[in-house]
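You will see two complexes here that share subunit A, one where it goes with subunit B and one where it goes with subunit C.
So, the complex of A and B:
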């Protein structure tokens, strides 16, 4: 079981995929935010968060993800999530994240939809 | 006041501010415009507005560069006492002006000195109030939504009662959800086994592997939460610990322990409401865990039963299928284990020289360990009988073999006999077994076959005495295990040697299978249906009457 969060990025022609592995808590959320804001500074306006390696997220992590969504709305960008566990997907729906950031079952569908 | 100004601001500035106030984008662009106007009016290079929020000062807008998003401890203290300080970014000096609900920072500090009637601080304070209300509303909405997540988690764990019987997966699900629900950084799930809490799963770091269930410190911790100090080894390194027992039908089954509650500013103690949340969660988890545990036990039981069936089949194959045919003699044997497999052993066979071999053995203990020793005894005895002359040396070698291949404190009593049918002579070796009985046809008297050495596997270098006696026509030999003579009645009285001998006398002239059946029936009547406490074995040999 991975407890600290590892974040990796795949930059693809205007779209960046952020892969997470581990706990999205305060520290994990801050790390995702740091990476996301850096990508925004680099000029990326479409971000995909692939949470396939994450089994657990807490309320602090969710609040940070909401801030990233707000930031993307502010810059007129697009953010999506993919590969969520059923528990995390349910949580995102309840917490309202899915209202502003679409959730996809797999990465290829997400990339195609976010580019369209 | 000129027609182009109101309260010190040009009318176009008012128009712009009103437009921003009505914009859906919210207060932040308005705040940034107000700060720009303030800098222009006061000769400041940069300014920032901070909101008092959850014990800190959070930046809600800036003009110019150099102010951090959050003030460090030094800056916050300087704001409180109203002295200039370095912002920490670009080593810029700043001064502060306290406003209701927050503060205004400006660089250089001199920009805050003096000042004529100015509507901007009032407008900034109003913006702060509006921002605070918006954040509070957002926070409330977040909290309400998260309560729904908590309820959903309780519901989902309830569903898992029916859906997940895999104990490993279930324990992971329970721990992850508990850690997530309580915003904990660390956690551990323990299950109660044999008076100890065993670590089933941990999250976020090491945890103690075992704790005595009756440890008073642990009990106080589980009942009292953070007020009672946790055992040091529970979650080493965690600053704030909190745990609840997992009880099923009011019987402790385990415990859930959480470490270090997270906030945006780091970790801190858990909240009073967390105990109730985790307690409710633990109740649901207890049912799920109990269900999975019972399922696991049923599977294990099924596996063990399968192995026992196999062992019983092997043991049945070890015991003789029938008695050898020996002219002038009748032979019969019978065995009934107390459990599916037993520790009694008997065999009837003929040797190379046409002699008849009889053996009854009794391994200490019952069940599978005893059955394994029976198997060892059978193999070793058959090999030795092929290689060694009947006599004390045979038993001494068997004793060495049993001693080397058995667990400590395990032993076998055994009576091994050999009959030469041609001359009617019986020779026997008794290693600590119950005495055999030879019922004489002529006199009705009984000659015993007493022990001539200690049980096998007990001592190295044991010696055994071989004895010999004649068998006359009509004489009946009975070898047995103590499961026959020590069978107990409802009054806890043993059947005893005398009753067995009486039975032999009473049925001595009947065919041997009928004698065996008569003894079985008599033992059954004597015990009056009480559960069989020990394995029962009988071996009979009779020299036909002339």
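So, the complex of A and C:
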């Protein structure tokens, strides 16, 4: 029954892109947080979460993403999301996440905007 | 009402184990696809089912450790609406006593969770919650 999450990272000159593939539940959210906090420790202050490989999330997983947003605010960093399914994007809007972490339709736009 | 005639009904009794919500979401997808619901609307149904099941799993404290999920295809000549009932036999709660979560409050709070009902209400067309000492029932519908 297990739906695991794979997380990979692309480090690019001050900005890191975190790619997810699979279900973002509590374990998935914790794995993303672990990776994000490691990147922050490495000195990255701009993170992009590319959820293109994730078709389903749950509110417990999203709650952990809110912890990452809180951390980014605390360190005066920037976090964005890109490549969301319409339902995940709608859910993030329902929860108000987009006010604190912008949502972009594609990765290149997201990288350009987050760097600017 | 004639338009609420039940054309097809499926009930699952799911054990309260991690990721049982995925099984419910797979059934929701199959039934919604059979109704020719659009992919985006199917995704919304799927996510609402996941949230309702997780709420039962996390909060119900049901001694039978099961969640009952009923899918009803409603319509007369053709499917018009999917109604999903998620029921547990737990301790219940008072929906009126639950404050609606906001991102501003959650960013300041230690407790970031508590979004399930808000998400369900935002994704489904109709939502009713009945809760008492015999458990909680969430009834949610989506037009095709």
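One rule holds in what follows: the second predicted complex is superposed on the first by the 114 of 116 C-alpha atoms of A that agree within 3 Å, B and C clash if a C-alpha of one lies under 4 Å from a C-alpha of the other, contacts with A are read in each partner's own complex, and residues count from 1 in each chain.
Assume a contact is a pair of C-beta atoms (placed from the backbone, for glycine too) under 8 Å apart; a residue touches a chain by one contact, two chains touch by 3 or more.
Everything quoted here is computed from the prediction, not taken from an experiment.
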First (subunit B), second (subunit C), both or neither touched by A:113: neither
Greater residue coverage of subunit A in the superposed arrangement, subunit B or subunit C: C
Partner chain in contact with A:99 - subunit B first, subunit C second, else both or neither: second
Contacts of A:69 with subunit B and subunit C, given as first, second, both or neither: second
Overlapping contact positions on subunit A, where the subunit C interface meets the subunit B interface: 1, 3, 23, 25, 55-60, 62-63, 66, 87, 90-91, 94-96
Contacting residues of subunit C [partner subunit A, same complex]: 17-23, 25, 40, 43-44, 46-47, 50-51, 54, 58, 101-104, 106-107, 112-113, 115-116, 118-119, 122-123
Of all residues in subunit A, those that touch subunit C in their complex: 1-3, 23, 25, 55-60, 62-64, 66-67, 69-70, 73, 85-87, 90-91, 94-97, 99-100
Subunit B residues within the subunit A interface of the complex: 141-142, 145-146, 148-149, 152, 156, 172, 176-177, 179-181, 183-186, 201, 203-205, 262-264, 266
Residue ranges of subunit A touching subunit B (in the complex, touch as defined): 1, 3, 23, 25-26, 55-60, 62-63, 66, 87, 90-91, 94-96
